[in-house]
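When the chains are written out, they are named A, B, C and D in that same order, and each has its own residue count from 1.
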């Protein structure tokens, strides 16, 4: 089982400069609309920030399923007027992905598809299952052959093997076996299905375009096609869309929802409304609160672009200090840009960020970023700002210290490479070479979300990366990483 | 179930000019040799005549399986010194293919691979199963998910689901369920396995290179790498090659073998020894016998190149008439060469064949080809020869009239498009516009094979395309083509 | 002569959504540094905003010239550690380009190269010649064969045909024949040469890295490699860099320089220092002045990203009104993203820009952009902002109305498609569907540049797109577009 | 001048196994026919044996020239029904090439094109100029810029610089300056032009299709499109084809023609009629004469396929010994097939040739090849035949010993690597490990051509590779290889 089949796919190198957690995926689906595939192209383009590694679309044209899956951007793979011909039909689902589980290979790109007894079945998944490995082993022992290393295929295999007759029952059967985080969209020859895990860790919304239903990870995908937001798919809800309308199922025991805070901190696009809140406004409030929690006597507030901009704006407005673009981002960096020579390696950070000397020279500068993960890029930016002539460099993170790994679809480094998991505050100040450093408090973050503070008994959000308080069992992790698990609990004690 | 998932793969167009039956595949395997993959590249290159559409190699390096599968020629995909690095290890299997079952798509290219309970398992197949469809339906109903439309995957799924413990037993379990023709090579993390169906319809041989075992479809693949021929894998035999040596299993009830005659007529390379006989010598004997059965008063014997050459040589030597290259073959025709314009369509045959006027002008010409399938190319060649100035054009087929379809891996047209299935001799003479026409008799073909004549009670070879006498049940065909089956029996009566 | 050779190159489609003038090119050169090519890769990456269509590098390794030219981004074509091997040597020049003259074809991509009597000669050009067509006709009549349709090749052919002995003299000979705008870098087996046209219309600077000279279009390219800015190449200056040092030539009659204002308005990167001025600061001043010239009673200042951001910030600070990111830019748009279907065409603008509803709803909004060219995108953005719920939408252009075409390397639409060339102010207000509209005055722009106002007798900058006052003769235009020229003078009268 | 610009084109590796001289090129042209480009595709396909490295077509559609040039085979690059759309028009020229002069790069692929004063001009060339280097230096000194390293561009530059008014006069002007071998086809907006050098070293013929003129290197290209052969273009003739008909010019002083014998020995296709003689018949006569000059007491005559087949057949018929296919050629070898591993390198020859053991075992074998160049492949084949069990191996070359290099477009190794230039007969017998060795005599070759013997005063053919008697001056060679020239004269003494 521990033997991996390694296909020789062209490798997409991960940008070594990008020290951000990565969102795993975005999903999209439409039902009952001409040009379902072109609309899905636009919808996925609107979700591109959630995954730039690969993209795929599956459609049903009334007689056949068609599918295309590609490495790379939506706009590079689904441009042009022939998409409607290549992918005909009035129902479609789509997926953008950054790989979390499963090696980077075309066969892992979603939507996945299978010919089931009941007919074709395509599925796309945002999230990560915490018992996928255990389920997979059971299935393989029982004779299942997996076509990918993706944990999404576990869902497919479970649906295929369910003893129930109707597809929806088979699908719910499968959902009851899986644990973890998921926003799923699935397509059959009759139905479009959407499902969100009981805690609602990953987002999924329902919109309408000319009356026809649309599913998407974020509202910005609806805006892209001119669709109206209708409502969130609720945590634990399964919606089944047919020609007859929308049917809602709630097959799980009710739990208190805990949507993921990192959607607000970093992943979601600022113009999205996630679980009823403007992401942009939340981020500005994070900055405003930060200005109260960790004020600074500086000349300019400079965001680390692009993700630090709203919080920096909130800080600047709150503190009444000028907001200036002291760091310019170069948007022409391909995913595969490796520094072309050993000797020029140290100028790496400049590939993406450049110091705007006119704004920084002889100034006391406060840098605002959305979060600090490993700290490697933060340090490079601090040095770059100093080289540009800043007199003082202060740093603020608009989210609390990240101390624990995520198992729900966010690709973060191991705990041992998370800066805040390993170092006390004073160490971090030294390591980042800053004049001062401040993190937003956990309660501050809940305040930015509109809560008074965190309710430790029944927290309203998934915040385990800050607190170590995971919403679900971590079956695979516990079984296979017992050593690491010990380490985790150690860290947990420290925290 | 009747919904097909259609991936948009680049289409490889089938040469519309080639009126030949197509061999399905060639297989190759080595065990216990450094450079297993490079050796497999050479071996597959030696088997390239058995399938030019796609090729693949799977290796095991002691820790991982690696695999590459490509559309196109071995020499275009596995050239270069990095093959050994891309595909490391001392055990390898390989496959060249012309598609028979399963659409032309990379996911159908072999070797197929699965992670089974027992570990990785790769398999490559030459032949065709006659009950694949029925088995597939049962498996899907039971929750199996197929990753390809290839009938070879049925074997894989059966192995995955066997209740036996040991891999070899599971594999034999699977073989006992399948019917039809197969020469299989399979690779696990410990074993190289070869298997040949009970009738031995498709060939498979064992050779040695520096003591290490080699499996291949034909001896010419052994010659390519300098390996020595050891013996045929016998019909119904399963050989299991491990570090400990070679173990032979015979899990099937014994039947009289019936290897496929078309290997001798057309498929095998003339320098191969198939089931103990030189293909070149058999073909020359076919020509010699033809000269006796259907003599002709002509000036020159001209082969239809390349496959008609040995029979023409045999005819010429037997009849003591000069052998001349009256038709020149252009070997630079890509697989995808379509005539570039409607208005020049009729000059199609010349893309591959050109008349050598100096040899044909004012001559009585006898053309010798290995067989006549649809007759379309034969007619074009006859016309081309006449246009080049031949006074008379006679035609001889070195094999009997083809009247029945094949279900064991030869891609022949439907019965209604087989010239000899639909037309009486005199009609064929007119349709081909020849001055005379002769086919080798079935007994003549057995004579060329070294038999006295065909033993109708227990024929020594599979010869159903000539006789309608199929060695096995035709489960899928009977179930799904009951109409066609009736038509078949009709034709059978005529014959 | 009027017959064009059309090579079938893959077409790179121009983004139909982008209603911005396009910069033609950026140039870069280094001399006497190990890893000259990797440094040039980084330098060109820093100039990527000046041209995303194609890029090229030429090097000299002491014995041979090597060159690579590609369609697409620097980071997509010159990634990876093998660049230093592919392009060895200690002297290099490079080019990024957006096509102005010459169809989009690889043979037009620069640097261009020729084997001259004196040895190899490579040249890269930013700008546009106004007498290229006339010179080309003369040269062809005299037997010259052009390998491209680029006007840069005229320079090459003139150098080749000069009767002078020394290369530098031959080069200056050529410069004396050409008119228009140019920043040139050239490489021989001994020298790196830089040249700027007499008016200095296009920028060119000199920097140092570890003492070695570097030429670049903008300072941000120096920052990228950690080089120090030394000085501008002066208008009309030719610098010849050899192992012996830097030699400066001034072969032209002295004229009052007129660098192009659009570098400040739009082209140059905000972190660049152009002709001694911070582009970012100039743009903020444009916004500050605009707040004075065209104040507005609004709730939020919203930039049209990315180019409108500094001016919007300047306006907001000047007017003391909140600056908010009311429009979010999607940076994942490939150059070739065409709307995938006719029926979804009208949602085009959203591919690149999305409304941030939370900021806009029920607000009086002032949009600030750097300039208005055709107005098509402006209109779409205004509508999008209204659809997002804005109560009022006001628009400000941080530069004066654009009324005249450019002939110096900026790819603007013809006069008839320039909004301000054809419509009075009130018409524009209606056409753009805004509540108010304001353009910065020409004097206001000069103020932002640090001048009191425009000196109409001897203007300090090229500002013809606003004023119709061209710094040079327009030879080709006058000869070949006499009709259009009349139209131009008409418009000039109106202005 | 000695600095080469090296573009990084994908390298097409030359098959290291192929020990044959290589033909430089084939040319083709049609005028006044719909579907000119598709017809040219077919014509070039018929000439593919003359050059497999690259191919190109240029057309004129009444308003514009269009052109495509590709690396690789005609059938891989010009397949499909869109060729007529990509290359519209009723006049076309085409070229297949194996590189002789000029590195392997797309910019050297023909037809070459230039915009001249008189309009567009495309030209394709088979042959090699012996004073190209000298002319090129003069032209560059005079300011010409070359776009390729091909000697064909010298013709283009000379036409561009001619002081004559009419294009035909300019073209003839250019021809008068060049020396060496050429068959040229050229296309203007009014004319199709064909030209053959004064000695007629390279072939060029005129045919007709539906009355419209067709130019081609060989008659097999006419056969491909169903055109009728009309006549040879005569040595020293320039034909100018317009709507008004065909005009013939003879601008050169008359010399005794000397067409190249190697066209008959190896290059031309056997079904072609070259200078009035059937290539197939000539080759058979070479074999017949060889059987007289160098008889052998053997059991079988085995050709080295494919080029040795007609001579072997002639030998077998002459000597009345059985002709057998003892060596099978594998036609699936890509141009780039490198042995995939060092350790399997020695099995190289088998990639292309396989021994047919059944024919060779225990036999006395006579191998017949068309020629012996370096002898490296001959040795490998001899060894392979012995390993297959041959008792004796005799070798016959159907042409005389090759002792001198060619300068007219045949790519042969340097003299020092020509087996017969360096070794006495007995040495060669030992080196090739044969039981006997025989070469056809020069007089024997003339006899096969229908002459009584070679007329040493006025030889009828170019035969310098055998005799050292070159038809023209060797200007470039004499100037630049004076050392080698001395060596050449030495060898000449020996011969």
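In this text, a contact is a pair of C-beta atoms (placed from the backbone, for glycine too) under 8 Å apart; a residue touches a chain by one contact, two chains touch by 3 or more.
Please read these numbers as outputs of a predicted model, since none were measured by experiment.
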What's the chain with its C-alpha centre farthest out from subunit C?
B
Find the geometric centre of each of subunit A and subunit B from their Cα atoms only, then give the gap between the two centres in Å, rounded to an integer.
51
Rounded to the nearest Å, the gap between Cα centres of subunit B and subunit C is 62
Need the CA-centroid distance for the pair subunit B / subunit D, whole Å please.
37
Residues of subunit A touching at least two other chains
none
Based on which chains touch which, is the overall arrangement a line, ring, star, complete graph, or other?
ring
Touching pairs of chains, all of them, please.
A-B, A-C, B-D, C-D
Along subunit D, where are the residues that touch subunit B in the complex?
34-35, 37-39, 41-42, 45-46, 48-49, 52, 73-76, 78-81, 83-84, 220, 223-226, 269-271, 273, 278, 280-281, 309-310, 313, 317, 322-325, 328, 330-334, 336-344, 347, 350-351, 354-359
Spell out the residues on subunit C that touch subunit D in their complex, using ranges where they run on.
1, 3-8, 63-68, 86, 113-117, 119-120, 140-141, 143-147, 156-157, 160-162, 189
